[in-house]
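Right, I'll just put the structure down here and ask away after.
Note that the chains take the letters A, B, C, D, E, F, G, H, I, J, K and L in the order they are written out, and that residue 1 is the start of every chain.
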Amino acid sequence: MDLLLINGPNLNLVGKREPSIYGSQTLEDIQEELFNVAKEYEAKLKFFQSNSEGEIIDCIQKSVGSIDGILINAGAYTHTSIALRDALLGVAIPYVEVHLSNIYAREEFRHKSFLSDKAIGLVCGFGPMSYQIALQGIVSYLKQA
Amino acid sequence: MDLLLINGPNLNLVGKREPSIYGSQTLEDIQEELFNVAKEYEAKLKFFQSNSEGEIIDCIQKSVGSIDGILINAGAYTHTSIALRDALLGVAIPYVEVHLSNIYAREEFRHKSFLSDKAIGLVCGFGPMSYQIALQGIVSYLKQA
Amino acid sequence: MDLLLINGPNLNLVGKREPSIYGSQTLEDIQEELFNVAKEYEAKLKFFQSNSEGEIIDCIQKSVGSIDGILINAGAYTHTSIALRDALLGVAIPYVEVHLSNIYAREEFRHKSFLSDKAIGLVCGFGPMSYQIALQGIVSYLKQA
Amino acid sequence: MDLLLINGPNLNLVGKREPSIYGSQTLEDIQEELFNVAKEYEAKLKFFQSNSEGEIIDCIQKSVGSIDGILINAGAYTHTSIALRDALLGVAIPYVEVHLSNIYAREEFRHKSFLSDKAIGLVCGFGPMSYQIALQGIVSYLKQA
Amino acid sequence: MDLLLINGPNLNLVGKREPSIYGSQTLEDIQEELFNVAKEYEAKLKFFQSNSEGEIIDCIQKSVGSIDGILINAGAYTHTSIALRDALLGVAIPYVEVHLSNIYAREEFRHKSFLSDKAIGLVCGFGPMSYQIALQGIVSYLKQA
Amino acid sequence: MDLLLINGPNLNLVGKREPSIYGSQTLEDIQEELFNVAKEYEAKLKFFQSNSEGEIIDCIQKSVGSIDGILINAGAYTHTSIALRDALLGVAIPYVEVHLSNIYAREEFRHKSFLSDKAIGLVCGFGPMSYQIALQGIVSYLKQA
Amino acid sequence: MDLLLINGPNLNLVGKREPSIYGSQTLEDIQEELFNVAKEYEAKLKFFQSNSEGEIIDCIQKSVGSIDGILINAGAYTHTSIALRDALLGVAIPYVEVHLSNIYAREEFRHKSFLSDKAIGLVCGFGPMSYQIALQGIVSYLKQA
Amino acid sequence: MDLLLINGPNLNLVGKREPSIYGSQTLEDIQEELFNVAKEYEAKLKFFQSNSEGEIIDCIQKSVGSIDGILINAGAYTHTSIALRDALLGVAIPYVEVHLSNIYAREEFRHKSFLSDKAIGLVCGFGPMSYQIALQGIVSYLKQA
Amino acid sequence: MDLLLINGPNLNLVGKREPSIYGSQTLEDIQEELFNVAKEYEAKLKFFQSNSEGEIIDCIQKSVGSIDGILINAGAYTHTSIALRDALLGVAIPYVEVHLSNIYAREEFRHKSFLSDKAIGLVCGFGPMSYQIALQGIVSYLKQA
Amino acid sequence: MDLLLINGPNLNLVGKREPSIYGSQTLEDIQEELFNVAKEYEAKLKFFQSNSEGEIIDCIQKSVGSIDGILINAGAYTHTSIALRDALLGVAIPYVEVHLSNIYAREEFRHKSFLSDKAIGLVCGFGPMSYQIALQGIVSYLKQA
Amino acid sequence: MDLLLINGPNLNLVGKREPSIYGSQTLEDIQEELFNVAKEYEAKLKFFQSNSEGEIIDCIQKSVGSIDGILINAGAYTHTSIALRDALLGVAIPYVEVHLSNIYAREEFRHKSFLSDKAIGLVCGFGPMSYQIALQGIVSYLKQA
Amino acid sequence: MDLLLINGPNLNLVGKREPSIYGSQTLEDIQEELFNVAKEYEAKLKFFQSNSEGEIIDCIQKSVGSIDGILINAGAYTHTSIALRDALLGVAIPYVEVHLSNIYAREEFRHKSFLSDKAIGLVCGFGPMSYQIALQGIVSYLKQA
């Protein structure tokens, strides 16, 4: 089982800025931990982060054939990018939407997502633990499919 | 760690009706499995289901003092009940919002929740697995708190 | 052919209060008359009334297996209860939505119904005669099905 | 008792096109059957169909003095014609709004009617049977008036 | 100076129905009086009434070359007909919008007009006197132009 | 017959500024001409202009007992002042709403008036002639009342 | 004079939870104090509290004949329950809407009430004192009626 | 304790116009009665009324240092004046919003207030008694503060 | 291949009025040219124009059996006529929506079309050339079907 | 170069109330400093402040002929006064809109301005420095004009 | 005549993914065919595709001086990118908006385009043939210009 | 004091295209002038321009530690990019929003900014002078901080 975790804009700052909100774990720390958890599920987890909408689309398109499931925290692009939605639908790889924070407890413009209605499911609000939870979800989904 | 899983209206039908949507696991099956998973986390999980908004509020109020965290799938009341929100805020017990289906892939009136902005987090779309995922989330939250 | 007529909140007041609007026939009178009309159609009509959303849901759930069609005047819950909608969809029993008054001639918040798009049909505005008309509709529908 | 059934745009196609939706009864078949049912109520039922908003208004205006009640299925004009509403109010003949299909189960622009708030009542969703049900309603209304 | 008064749907009923609202002057009476007032302004006033949107458009198109100004009470088409607006703009004859009743004191859907922003001016609410007032307005406008 | 013409904010600039829009007649010129036209109707016309909402309200309140009808061009207060509306309703003197320009051909925030639904009628778009037309309207109304 | 104070969902928690918001007086304390104040007005005050919408409706219906006026703090049902509104209108007992907190200073979904337009009046924001103030209002209203 | 009652536009007409709505007590009568009730609370009550938004703001600003609490019935300015809100917030004197009529039973544009979310509380619908009730509220608030 | 070009209200004015917008080609010129282009595609093109919604519906209904594809420029009816939409769906003949002007560069009420979501495609903005382009589209579509 | 700085309602309180928000500089202090900065630009700066909408309009009207540019901080009137907009457009003196605070960081009703679309430019958020910045802007604009 | 065809995000997937929707022609196939059609019009057609909004803007900016007309299928950026609109307006090269699918038959968020009101025209719904049709449009437009 | 001026999409065209709107100064000219003005304030001003949202985010992230304040003219991204907002908040460097044109005098979709509520302040409408004005603002802000 080959999985891909995509992190969108500004998520490279996690653990480096605003620790009171996002904790002190860096994205690298989080990914390392996740990689190990994935191994327990006998899954191989790859990682991609970019601040550029176009590069994320390129990455999704290139996943065809090698990736079985995607975990995506598209950051702010969640709320503005129809192009990301199209890329995910275009490649037809099952994906789970993840957010570190509870997006419904934030500004109203973060309540709308262009990704959720086509996702398998959505996980948000658990901080870095959100990724582990979402990982469990996608693995469980792929095993049943 | 004492936890409570609340299921709202019509969730007693799970596994009995519309199996193509909700699978063939009954609520009782799901709860039994969850009880065991909770045990692994050294948590004691109790269960409550009702079709009545008032009874769910009563149940939440009675949890004060004996329950550390709540998992709640309020079903249709998620979208219409401010009274449930008030009960959860009134008792000030941390809770996670759970849904079997991906509510964002359904009718638009299911996209708005009166519970999510005050929840720790939200999990939806993974079928019965949603509960296990949410359980992991609340346990992880309570351990850090 | 087994049919069920469900009356929601405040409909137990019909004929007792506000006679200028609802006439002087009590709900009991109306039901007696309806029972006889149903007999002519060789249908057996049962009755249920409650002011509680939860009790109506319970009643709908219990109809599975014994009821072929439902006539429902959900009163004010028509406009606010997604849970009733879910119960009706969950049991998958065909139903007709009925109202004594013309709901489109009343406050704007009564123009929206959570039940109509999934109903076989809708009848409103004919006073107690609305029930007889709706009865004819459901019988005719069930005979064709 | 003299009654008029008005059918608006495209209803002349019923039974000729889209039989899976509207059945195979033509408008002529339906009207013949209705004429006989009306006779049982000792009512004389006339018929009018036009695709033109102006002609329907002319027809309504000419009914003054000779028609006691109107059944109207204004088709698409239901949702767009204030002029039809004005004509019906201008002649002050009681009318019932009828639709073959359940308009609330169709596109959102069919949920709004310019006729319903001033109608005696509304019947929709029972296919050709809708007309018979509505006929029963107007007859019952006129007998009480 | 050649002028045309266009009356839209249901205005042929004026004075015949609903006298408490529109008075007991028929459209013919009103037009006769207006014809004489127009003469005092040395203007020749013609009249047209139809319940059909298409016929009114035809009439407007035929006015090119023979009519200097239009008074139009488009009745209910005021609020729904973009085609009338296009016809009036297409022939580029100055026009005044008139209404017998105060349209802002009626249902909200009568507050919007597709004609007013391109009219010279608007007169409403004075009953049959509205036409005389509007006549004075168009004459005064044409004399200055 | 005693009449009052009220002009609201910035209407004292008419004829002095923006002549291409409002013409070169000053408010004084317009009022003088109107005074004479009123005389022909055997009406006595008084005038009031103020840029202050409060002063206009004071003026309306003081009209009780001495004024039979009001012509009001409330300028920008038309669209923002509920207090003016209340004053006019409080004194219960019939009034006509007037505007020099066609308010529907201007910014959208000028399309809504707090005065029109309670006015006898509305006249707009004829420049200074709007006042004469409105005068004819109020006189005709008062003679019939 | 027989009066009834109805408290809706979660108001049984007052004084027990969130003392910083609602003070340390329990509902029982408040009611005792109110009972005495009512006595000074020569009124007999009864009390009812429930978390269930249906039970509150039952209670309102049973008040017919024995209660002259109702004070109602419907809590969250204020904003969601058309059925409560219908019950109050059905029994036609004058009522005053009360809230402990200033509902306009809270979430926007608490700004809309299904009860206020048919109430005698509304009192909110004064904490437990709100009830005393509202009591004075209903007593004063009933004495004048 | 020094208190100020501010009455906004058109409230000087109370008791003089529209007695069927506002009763026959003039503002002077009401104020005299209130003055005496205030005395019982050992409070000194001053009065101010103006039809001018600017003058009310001036009055509020001048209250700094001499007034402990404000009762304000801002009339129509309640719904349109952000400047009044700013004045009240600027001087930071606690205030209660009062209305004679039930503003929620009137036109929709009266349902929104720029004052309520920052007020201690709101009282409306009890006629002149509203002021006494509000007085009790502000006194009780100031005694606790 | 038999094709029909339908032109709606006011399109008979093309080339006769407002040449700066629509050019100096009359509808007859345009149709002649189109007829010849159609011939090159081995298609026979018929023409229909009417200012009446009802007549256009009649025309569409009569096309069944003799027409393979429709080009329709419904003019203003594009934005207001659900009945035209129903007629086109009723006959189930593939159609292309055409406009001479770019409707998105005009008034906002022209941005919504009741025809486009069920059309094969949409062409607008190229003046008379729009018809040739749309013709190429429908021919290409029908050849592939 | 003659310039005018207009300050609207409650800005006379600056430096006297709420120092944590607006600083401790009074309006007089700010104006004195600005006067000197203006001198460096060889401009003469006059000042006007009022809490009354009408007086500000009067002031703007009187500026014709003596003032070359206006700096206006209309306070709360920014969001509610169309009359101020009309006055500024009426006199056709170029103006710059200024605010001490960042209006986009405050309540949503402060995000809309009736003045900005016709202003040369907008400056907000820099506290008293906003005036100096705006002054530089208007001077620079007038030098280029 | 030098033309440029720009394809936005995910359009590089055409013919490779989702063949049932987009057919089996790849973008390369489509472009080759288009190149030849363009030659027949004596036009030279260049091609650009990118998933990055910024790169498309760069490409548009570089077209100044060498490109006479642009065909643009901006994919999902059509609905979200004001920056693309600005680039097209900045370089002032005439452009035609093209879509493979009928965007009005898809999700509502695809009905709004930031490009159409400034385009020469719009073509959508004809699959790859849309490009040929749009090509004919731009060539025809440029020949007339 | 180290400052950064960020210019977003299409601002590299300034002075090269549309000189009637933006003047004939190129971005390079403007930056040179600004650099010198900054020197007078003893500030070092750096420059960055990109048409790519992702590159601007990268640039903002890299500013941490070396930049004290940011001037940002995000062009069209102002209205669509939540990711830019997140980047600016993530790095927590104070910033001022700048626009050459008055965005409130342009299309409505330019009236909303995702950047303004978190900016120190906003300057727009003064052409290239906007930058100098904004520079004065950020310098003044940083000196006080």
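Keep in mind that, in the parts below, a residue touches a chain if its C-beta (ideal position, glycine included) is under 8 Å from a C-beta of that chain, and two chains touch if they have at least 3 such contacts.
Not measured: the values here are computed from a predicted model.
Chemist: Would you pick out the chains that touch chain A and also touch chain G?
Modeler: Intersection of chain A and chain G contact lists gives B.
Chemist: Could you tell me which chains are in contact with chain H and with chain J alike?
Modeler: F
Chemist: Chain A and chain D share one sequence, so how far apart are they rotationally when you fit their Cα atoms? Give it in degrees, rounded to a multiple of 5.
Modeler: Superposing chain A on chain D takes a rotation of 120 degrees, nearest 5.
Chemist: Regarding the chain C and chain D pair, does the interface count as same (over half of residue numbers shared) or different (under half shared)?
Modeler: Both copies, chain C as well as chain D, present the same residues to each other, with over half of the numbers appearing on both sides.
Chemist: Taking the mean of the C-alpha atoms as each chain's centre, how many Å separate chain C from chain K?
Modeler: 55
Chemist: With chain centres taken as the means of their Cα atoms, state the distance from chain D to chain I in Å.
Modeler: Whole-Å distance between the two chain centres: 31.
Chemist: Just curious, how far off is chain B from chain A if you go by their C-alpha centres, in Å?
Modeler: 24
Chemist: Identify all positions of chain B at which a residue touches two or more other chains, and write them in rising order.
Modeler: 52-55, 80
Chemist: Check the chains against each other and report every pair that touches.
Modeler: Chain-chain contacts present: A-B, A-K, A-L, B-C, B-G, C-D, C-G, D-E, D-I, E-F, E-I, F-H, F-J, G-H, H-J, I-K, J-L, K-L.
Chemist: Give every residue of chain D touching chain I within the complex, in rising order.
Modeler: 8-10, 12-13, 17-18, 50-55, 75-77, 79-80, 109-110
Chemist: If we count contacts the way the header does, which residues on chain K are in touch with chain L in the complex?
Modeler: These residues of chain K touch chain L: 52-55, 57-58, 61, 64, 80-83, 85-87, 90-92, 114.
Chemist: Give every residue of chain C touching chain D within the complex, in rising order.
Modeler: 96, 102, 104-105, 113, 116-126, 129-130, 132-134, 136-137, 140-141
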